[in-house]
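Two complexes are shown next, each including chain A; its partner changes from chain B in the first to chain C in the second.
The block that comes next holds the complex of A and B.
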C-alpha cells in the first residue's frame, strides 16, 4: 500500500498550491500582477487556524481563512487600482505585511493543536482497494480545489463575464473604450485571488498539519506565483503543474528516506527543477505561435477624465 | 444628397451645439457646432491636434464636454459612457483599433455587443454581415494573425451588428492599401443608401472630395468652415484647414548617373521576433542625387529593412549592404555613420530620441561618432548647445526653452529636429522612415523640401513611407515592399498608382516562399 500512501500525500501536498495559484491565475488574466500571494496565504492560514480553534468548526475556519486572504487583497486593490500604485512594489510590501499580521494573529496559538479536517468516507466506494481512498477518501478541500480550477476554466472560456475578464487583461484601454468597468473587474479578480490564496493558506493548519506554527506557508505562495507563469496562464496546465510539483516533492522525500546517496539539498531542489522543465517544455512546444501572457499584465490603468 | 427629391435637407440626427472641452488650460474644442443628417457622409477635416478626436470621443461618450449641448433626433442627451451611445445607435471605428490580440474575431465582436446578445450563433452572424457588406473575415481566427485591413473590418462589422444610425470612422484609410480603400468606400456608400449617417474623420482631401457630402473643417479647436467638399478644390480645403498657403514642394528632375552610394544585394534576414517579417532576397540601389521611395502597407517588412540598413541588426554577409562602395553589412550603427550614412527611424520618441533627454543630449547620442562634441571623454556643453541652436534655426524648430526635453516638443517640431539633426551633418546617404507621419502640413512640406535639397547636393536618400502621396511628391524612383520582398523599381514618371496599389496588396509580386501574412485586396 506504499503507492496509495504516496498518492494520498501527493494530493494533499499539491492542494494548497493549486488553490492559491488558481486565484492568482484569475487576477493575472484580468491584468493584475499580485506578488503578495505568500502574504495572503499566511494571513489565510493564521485566520483559518484562529477561526477553527475558537469555534471548533473547520468550515468556519476555512471561511475565516478566505476572508483574511480577501481582506489583504482588498488592501492591494486599494493601492494598485484605486491609487494606481506600482503593482510589483505593492505586492512585495503585501507579503511583508502579511507575514507580520499572521504573526500577530497567531501569537496566542503557537503550539496549539486542532482536530484536522475529516476525510471523506463513502461506504464500499472508499473501500475499493488501492484507488478508493485516493479518489473518494480525501478531505473536502481537495474536492473544492478541483471544482475550483474546473470552474475557472469554464468561466474563462464559456461565459461572457470570463471573456470580458480576459479582454480587460489583454488590452485595458480598448476594454475601457468599449465601456467595460476595467477597475471594478480587476478589483473583483484581485479579491477572488485573495480569497483563493487565503483558502490555500488555511488548508495548511486545518488539514495538512493541524497545528499552528508561524511562517508555516514556507514559500508556497511564491511557488504558486511561478506556477501561473510556467503554466502560460492556462487552467489545465496549472493543475498539471501543481500536481507535478506535489508529486516530486513527496517522491524526493521518500527517496531521501530510502537513503539514496544524493545530497539532500539537491533532492529538495528537484520539485522546482522538474516543474520548470516540464512546463517550459510544454509551452515551448505548443506556444511558439505566440505567448498568451495577458498583454496588460502589471500595468496600471488610469482612465481619462 | 444628390438623390434627395427636394431641396429640403432631413432633420439632423446628431447635433452639437457650442460644445467646448478643456484639458486644464488647454481648450481642445472651442464652441463647436455641427449637424449630422441621415443619409449623409459628413467629413470632419482638420490637422493633427485640431480637436477632431476629442470631439468624436464626446459624441461616443468617452469624454464629457465642459460646456455645450448634444442633441440626438432633436432631443438633448447626455452621454456618460460608450454603452449609452451604442444604445442610441452610435457606433465608432477607432483609428488605433480597440481590438484584443489574443482573442478571436468572433470574441472581439462579442465584446462590442450589448450584454443581452446571445453568444451562441455569433460566428455565423459575423460571417453573414461580412458577406453582405463585402468585408471578408474569418470568425475563428485570432486577431494577432490578421492584417491591418482585416482588423479594421472587424471593427466595422462589430458596429454594423448593432444596426447603428450613425457610424463614426476615425482616419479609416491611413492604414489601408488603395484597393482596400476602394472597397471601404463601396461599403460606406451602401451604408449611406440604407439611410445611415456617417461621420468621416480625415485629413486626406482627395478622399473627402470623392466620398463626402458635407465637410466641417476644424482648426485649433474651432470650426472654421462648413462646406460641400465636392464644390471645393483640394487647395481651397487645404487653405481652410491650415489657415494659410501650404508651400508647394519644389522638385526639379534628379541628376543621377553616379555610382550607387547605397547598394543592397541579396539581403535575406529571418525576423528576430515571432510576429516579425522575413526579409527575402532584397536588391536595391540608390545613387547620389536621387530619392528612392519604398511604398507599402505597415507590417510588410519596413521595420526589418530599416533595422538591417541602419545596423540595428547585422546582415549575414558583409557585402549584402555596401555604403559608398564599402562593405557595411556587418558594421555597427556607429561605424555606418562614420561612412557618412544617417538614419531617421519612424518612432520619434523612444527610437529617434530618448524622451526624457534634452535636445542637446539627444544630439550627442546620435552625433558623437561624427562630430566634435566630446573632447577627451568630456562633453563640451557649449558646442552641444550651439549644435541645437543651428538645427533649430535651420529647420524652424519651435520650443519653449533653449534646450527642452524631447518629449515636450510637438510631433511636427520634434520631427523637424530629428531630420535636421541628421541632414546638418551632410550625410552621403540618408535612410528615413515615415518622415512626415503625424506631422502638420507646414512642417511636412518643410521636411520634404529639406530632403529634396539634400539629394540635389549629391546625397542618396531612401524614404520608407506608407503615404503614397508623399512618395509621389518627392521620390524619383518607387519600389514596393510586400511580405518582406521588394518589387522592381519604377521611375516615378512611369509609375501608375493603381499598379503600385496592387503591388502593395501583394498582387504581381514574385511568389513568396513562406506564408507571411499580407493584406488581401
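The block that comes next holds the complex of A and C.
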C-alpha cells in the first residue's frame, strides 16, 4: 500500500535527523552552541561502518559510531570549555576536521557492504495491515531515537539534574554562584550531544544505505542544527519537526514521481525556509514574551577563581 | 576544509617540486571535485590516474587534489599545481571550466585538459563522454525487462547532459515499446546516498520496476537489490551492490584517453583539441549484461555494436519534441553534436516537464 510505504520511508529519513538533533538540543540547553554536528555525524558514520564491518555486528557498529561522535565532541569541549575558545569558530572547525577524519577512517572501506540493521518482527502483530509494519516493524535505531527524545523530555523537565542543566544554559553566572559545576555540566552535555550525533551518523551506513562512501551525511548535520532552532529548544516540538522535515523530503519525491509538477528546488529548500520563518517569529516574540533560546547560548564561561 | 586541504597540498607540492625538476619527470596534476572514495565520478578519474602510474612508471609523476570546490578555490588549486611544476593538468568537473581557462591563459607553457566543458585555448583541450549512447541501450533493455512498463529515473540537475540522457533512454525504450512510461525525480544533488535511496524507494512504490540514475552513489542500486527489482549502474560497475539487480552499467573509462594524452605530452606532441568519446573510442563502456534472458542480452549487444560501428545514431532524425513537432535536424541524418550538448527539451512520450522551463 502506497501510504504505508510512504510512512516507512518518512520514518527512515527522519530518524538520523531526530537522533542528531536530540543531542544538540541537550548541548544547547546547557548553553553550548556546537556547530560541528555534521562533522560528528560523519565521523560517527565512518566509525560505525568500520566497527560493523570488522566485527560483523550492527550493535558494535552503533557503539563505535557513538564513541566516534563523542571523541570529536571531546575535542570541541576541550577547545570551548577548557580554553574558552569561540564556539562558532570551533564548531565550524570541528565539521572540517570531521569530514577529513572520516575520509581517512573510511578510506579502506569504500566499495564494501554489510547486511543492514535487522527490522523488528513480531509474528501476527507486525503483519497487521497498514500500521503493523510502521509501528512494530522498524529497526532498532528508530525505537532508540523515540525513547531518547522522550527520555530527554523527562530529564529536562522532571529531574533535578535537568533543572540544573537548564539553569546553566540560561544563566551560567548565577548557576556558578549557586555552586554548580558549570563547565563539568556543559562538558557532559557536549559529550552527550556528540554521542547522539555519532549514533545519528552511524544510522546512515548501518541501516539507511548499508555501505560507506565519503561525505554520505550530505548536510544532514546542518538540518539537525536548523531543527533545534525550529523546535525552539523544546523536545516535543523537536520530534514533531524531525518527522515533518522527513515527510517534506519524501513527499516531494513522491509528488515528482506522480508528475504533480512540484518545483523540486523549492521543496529541497523548504526545511531551511521553515527554520528562517521560525527565527523571524522568535525575534518578533522576543520583544513580548522573551526568547525561548537559552540565554547563555554560545557564550564562553570562565569561572572567577 | 577545502582551504586547509589545498594549503596542505600546496606545501607538500612546493616541497616536492625541487626534487622532481632534477629528475626531469613529466609532472601531471589532477583536480577532483569529489572524494576519490565516492565510488562514482571521481573514483573513475582516479582509476585513470592510477593506470597512468602503472603504465609510465618512472617517466611521470602524478598528484591530485580531491574535494576541490567549484568556486574560487578551484583557481587557486590549479595555480598551485602549476607553481609546483606540473606540466599537464586535468581538471575533472564542469564547474572548473572558467578557473581552468583563466589559469591556462596565465601560463601558456603548461598544458591543460578540462573534462565536460566547452572553453578551449591553444594550451587548453576539452574531453568528455557520449554517455547518451549507453543510455539508449539501457532504454531498450528496460523496455524488454519491465513488467509495469514504467522506468523510474533519478535525475540530478536539469542540465543538457542529464536531459539528453533521459531522452536517449526513452528513445531506446520507445524503439521496443512505443508506450513505455518514465517517472522522473529530480534530487537536486549529484551525491547524497540517503536521498538517492529515498528517490529509488519512491519510484518503486509508485510502480517503476526498473531504476535508472544520473547521480553518483550506489544507493539506488542497493535499494533495487533489497526490493527485488532491476536497476542500471552509473559511472562505475556497481554489480557488487546489486548482484541480482544490476542489468548493466555505464562505465566512464577515462584510462585510454589519459594514456593517449600523456603519451603525446611525453613525446612533446601534445596539441589542443576536443574529444567527445563514446562506445567507439572506449571512453564509454557497458558493464557485462547480467540478470536478463539471452535474447535481451543479444539485442543489447547488437545495439551496442551498431552504435560503436557508427551504423546507427541515437538521435537520428526525426526526433519529436513534447509538442509532437519534429526538431530541426542540424546534423544531416541525426541531431548535431551542438544540439545534443545544448539539449533542453523532452521528447514526445515523456509526460514530465524540464524543471524551470
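Things worth noting here:
We take it that the second predicted complex is superposed on the first by the 282 of 305 C-alpha atoms of A that agree within 3 Å, B and C clash if a C-alpha of one lies under 4 Å from a C-alpha of the other, contacts with A are read in each partner's own complex, and residues count from 1 in each chain.
One rule holds for everything that comes next: a contact is a pair of C-beta atoms (placed from the backbone, for glycine too) under 8 Å apart; a residue touches a chain by one contact, two chains touch by 3 or more.
Since the structure is predicted, the reported quantities are computational estimates derived from the model, not experimental observations.
Overlay on chain A: chain B and chain C fit together in the combined arrangement. Using CA centres, the angle subtended at chain A by chain B and chain C is 130 degrees, rounded to a multiple of 10.
Once the two complexes are overlaid on the shared chain, A:54 sits clear of chain B and of chain C alike. Looking at the superposition, the partner that touches the larger set of chain A residues, chain B or chain C, turns out to be C. By the document's definition of touching, of the two partners only chain C reaches A:218; chain B does not. Once chain A of one complex is fitted onto chain A of the other, the partner contacts of A:100 are limited to chain C, with no touch recorded for chain B.
Judged by the touch definition given at the top, the superposed model places A:273 against neither chain B nor chain C. Of the two partner chains placed around the shared chain by superposition, chain B is the only one that A:163 touches, whereas chain C remains out of contact.
Legend: residue contacts after superposition of the two complexes on their common chain; A:178 is shown touching chain B, with no touch to chain C. Shortest separation of chain B and chain C in the overlay equals 33 Å (C-alpha atoms, whole Å). No residue of chain A is contacted both by chain B in one complex and by chain C in the other. The touching residues of chain B, counted against chain A in their complex, run 61-63, 81-83, 86, 94, 97-103, 107, 110-112, 115, 119, 142, 144, 274-275.
For chain C in complex with chain A, the residues that touch the partner chain are 1, 4-5, 34-35, 37-39, 43, 152, 183-189, 191-199, 201-203, 205-206, 208, 217-219, 222-223, 240-241, 351-353, 355. Note for the complex: chain A touches chain B at residues 160, 163-164, 166-167, 170-171, 173-175, 177-180, 288-290, 292, 294-295, 304.
Those residues of chain A lying in contact with chain C across their complex are 2, 5-6, 9, 12-13, 16, 95-96, 99-100, 103, 106-107, 110-111, 113, 204, 208-211, 213-216, 218-220, 249-250, 253-254, 256-259, 261, 263-265, 268.
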